[in-house]
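Take a look at the structure set out below.
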């Protein structure tokens, strides 16, 4: 490894030192004749949420340095998109963020529509928002359950899986799939809402508060859990901005930014919702922010079901879409944060280059910085609090 | 010859006792909690969840390959992942089985055109059960486990029939 | 010969109890956890899934016996037995009925706690011999934790011992004929359940095998029946601390208000085991519901809270007994 | 922030640039040697977030895009620069640590290098993998992937 550069650039502004994880302590023996243990966490480890591999350098239980290693799920979504027609790309993108496929689809559809100047009907926008919020709940459920598991609590995970199945049933009725939807297409959505879908959604909403409160009491109300979370993995506002964090992780550090509110898309400008922000930046704040986000999502779903407009569910789009040459960026607020799709078009039927700005990719980059100095148990919890999805990181 | 039928590996006693052991094996399939990609959510997480609850069949997850019997390859295996899968398989004690879950593990799925992706996990480890779908539903995985149970039982049955 | 035979029978009976306990407890754990987690738990193998654990054990017995290449062969081989044997020895002084114990030791309680404290040696051995870093961390955690929690465990049993005036478990139980020690010794009881939970490495103190951190901790490299032995020892330890709690605080084989009833007395062992199982159920309940505490919090809690409280309780109770009760 | 203000920042850092307003938004094209100076000046001038950084194979060279954002004003800015195949751009991680991962990714998938990066290892692929995102690397053809 080359020596990190220590000279500072001439311009004023934030200057960063090498992330703690990369600032390796010298290997071998120090004056106390102790040796550091280099531990491979992953790719097969219950708490890495997939196939993340973290190299931990331990002094006893304390993590001295940590370095994440990704790529165990690199399957070339960006490359393959260059050989797929515009309406085929959604299939790949579903599998990039497999917990919230609809958000990635929506970002791609929006980028394509802006490039090809397609007007999306109002109903399609509302259906998009509805399905995306349901999807956000499903994704946050998985996060909350696995977060509890990271802290050692089994029960919340199973409670949350029960609630998640209810959402998956609704999403299956709307889109036809439990996880891989390919529902949001350039121009609108693939199919209209089935008749009477508001019944199961309302039934879900009527139990949502009780079940979430139950889960929250079991996890967040537990003193052991609170003791594990408070003051652990603190990410300051400056660090969060500099590392380009997104979503709940960014908002827990005190940055009030939400794509749904600040760069509105779909039906969000017409909806009434709050963006929860916390200032502590520790694991507890990330927990609180995401739980509140779930409540807000339910609030939005209620508004969306009540106010669902009539009309077309898709615009007239040619079978083979050939957007004019140019570039376009569109972002949505996925459960993990700002998810952007950058399309470079050369006027042909396939994108020339597609780039996924995946939030988990940037959120994970902080782990080199945040894990160092914590204990192994903390490291697991911090990784859990970042809410990473490896499919999205490796693409 | 006749003696062989009574005592050897193909004796009735031997096969019957083996059958008894197979009964235990097929009813206690611990799978390695090793989710690679999307399929892990359906095949491993929903599997333990309240609705599908594979624990009913004695199918439970273990974190360590030393204590598992079944490896579910739930996702795309690429060049970087393949040695890991191989190594985990080698670390499992015999008898062991592999379920290739989903299109990616079977053939490379929607990503098979990408040069970094290995077209099917059978290039790395021997596969017993193939589960189609992208991702397969948890019910499919339940069916796959039942098929695996049949497969375990059928081996001794075949030997019994061949006698 | 005649002298040896009854002892051998008793020891074999105890071994049988241990194995049956292990099998039943694993089944019970899966069922209880299933119910706590709004699932059903095993129900396909045999009626109500009762044969599930049997199938598991038979399967483990027929698995390949793996020995990691780089393991310390001898230690790796012996470690499961070093864990298992003390937990079997701890059964010996347990008194299940008025005259039902393998051996009646005057220092039975001391013996029991002494052999229990041998277990971390086996755990550390297993962690070291596996030559896996995860196992090593798990083994070290177990050692540190057990050293920390042995002290409050020992101190918490002193209250009942002082009240009964004996270290013989039968005598301690007999002294509770009219008053269960849990009432006067409530503080000691609370300390006991916390320390016992930690000593047997149950959630929320399951540091050494912390599923989400160390995967299976010290048992990481063990497969087949060696793993079975470690697993069995864990459950038999659970039974031991629950039985010890029953003997020390809940009147052993006595039922409340029926202490002299001959039928209740003849059912003594059943009552004793039923009480122990209720204790185990509470432990499983905690396992199903609680998150895991962090290792530094765990040790700080032992040294900064539990040990001072238990020490002062011993002093306070000694004063009460000397000045108020005995005078 | 109007484009002119951004241009002022770049001018004061004496970076030769070519401003343009495309459908994408404000796009500035600069030379590959000026990236570090330009981004340093822009970071000081209010663009506090590096949203994304990626590279594209244009067929003749590699085009690297930095997507910056001034969060307070919700202003986006795209900085584009072009390097030759196997060319080098100075790493900007000291200005935006967010670039640590994307630079490693761009380096391995498009075969350019980022001198000054503290950890210039491969991110996604194993040693010996060709730069997969280049247009010259073809994906597997239909015959190759046919399931038999």
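Each chain gets a letter, A, B, C and D, in the order it is written, and its residues are counted from 1.
Going forward, contacts are C-beta pairs under 8 Å (C-beta built on N, C-alpha and C of every residue); 3 or more make two chains touch, one makes a residue touch a chain.
In this text the structure is predicted, and so the values were computed from the model without any measurement.
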{"item": "Mutual neighbours - chains that touch chain A and chain B alike", "value": "C, D"}
{"item": "Shared interface partners, meaning chains that touch chain B and chain D", "value": "A"}
{"item": "Centre-to-centre distance between chain C and chain A (centres being mean Cα positions), rounded to whole Å", "value": "43"}
{"item": "Centre-of-Cα separation between chain D and chain C, whole angstrom", "value": "61"}
{"item": "Chain B and chain C: spacing of chain centres that average the CA atoms, whole Å", "value": "35"}
{"item": "Centroid spacing, where centroids are CA-atom means, of chain A and chain D in whole angstrom", "value": "23"}
{"item": "Shared interface positions of chain A, touching two or more other chains", "value": "45-46, 71, 74, 76, 79-80, 83, 158, 162"}
{"item": "Multi-chain contact residues (two or more partners), chain B", "value": "49-50, 63, 80, 113-116"}
{"item": "Numbers and ranges of chain D residues touching at least 2 other chains", "value": "124-126, 132, 139"}
{"item": "Inter-chain touch pairs (all)", "value": "A-B, A-C, A-D, B-C, B-D"}
{"item": "Residues of chain A touching chain D in the complex", "value": "1-2, 4-5, 8-16, 18-19, 22, 67, 70-71, 74, 76, 78-80, 83, 114-115, 241-244, 255, 257, 262-263, 326-329, 338, 340, 342, 344, 352-353, 355, 357, 361-362, 364-365, 368-369, 394"}
{"item": "List of chain A residues in touch with chain C within their complex", "value": "37, 39, 45-47, 58, 61, 148-155, 158-159, 162, 218-219, 222, 224-225, 227-228, 375-378, 380"}
{"item": "Residue numbers on chain D that touch chain B, as the complex places them", "value": "124-126, 129-130, 132, 137, 139-141, 144-145, 147"}
{"item": "Partner chain A, residues of chain C touching it in the complex", "value": "33, 36-39, 133-134, 136-137, 141, 203-204, 206, 210-215, 287-297"}
{"item": "Interface residues, chain B side, partner chain C - complex", "value": "20-21, 23-25, 27-28, 49-50, 53, 55-58, 60, 62-64, 66-67, 69, 91-95"}
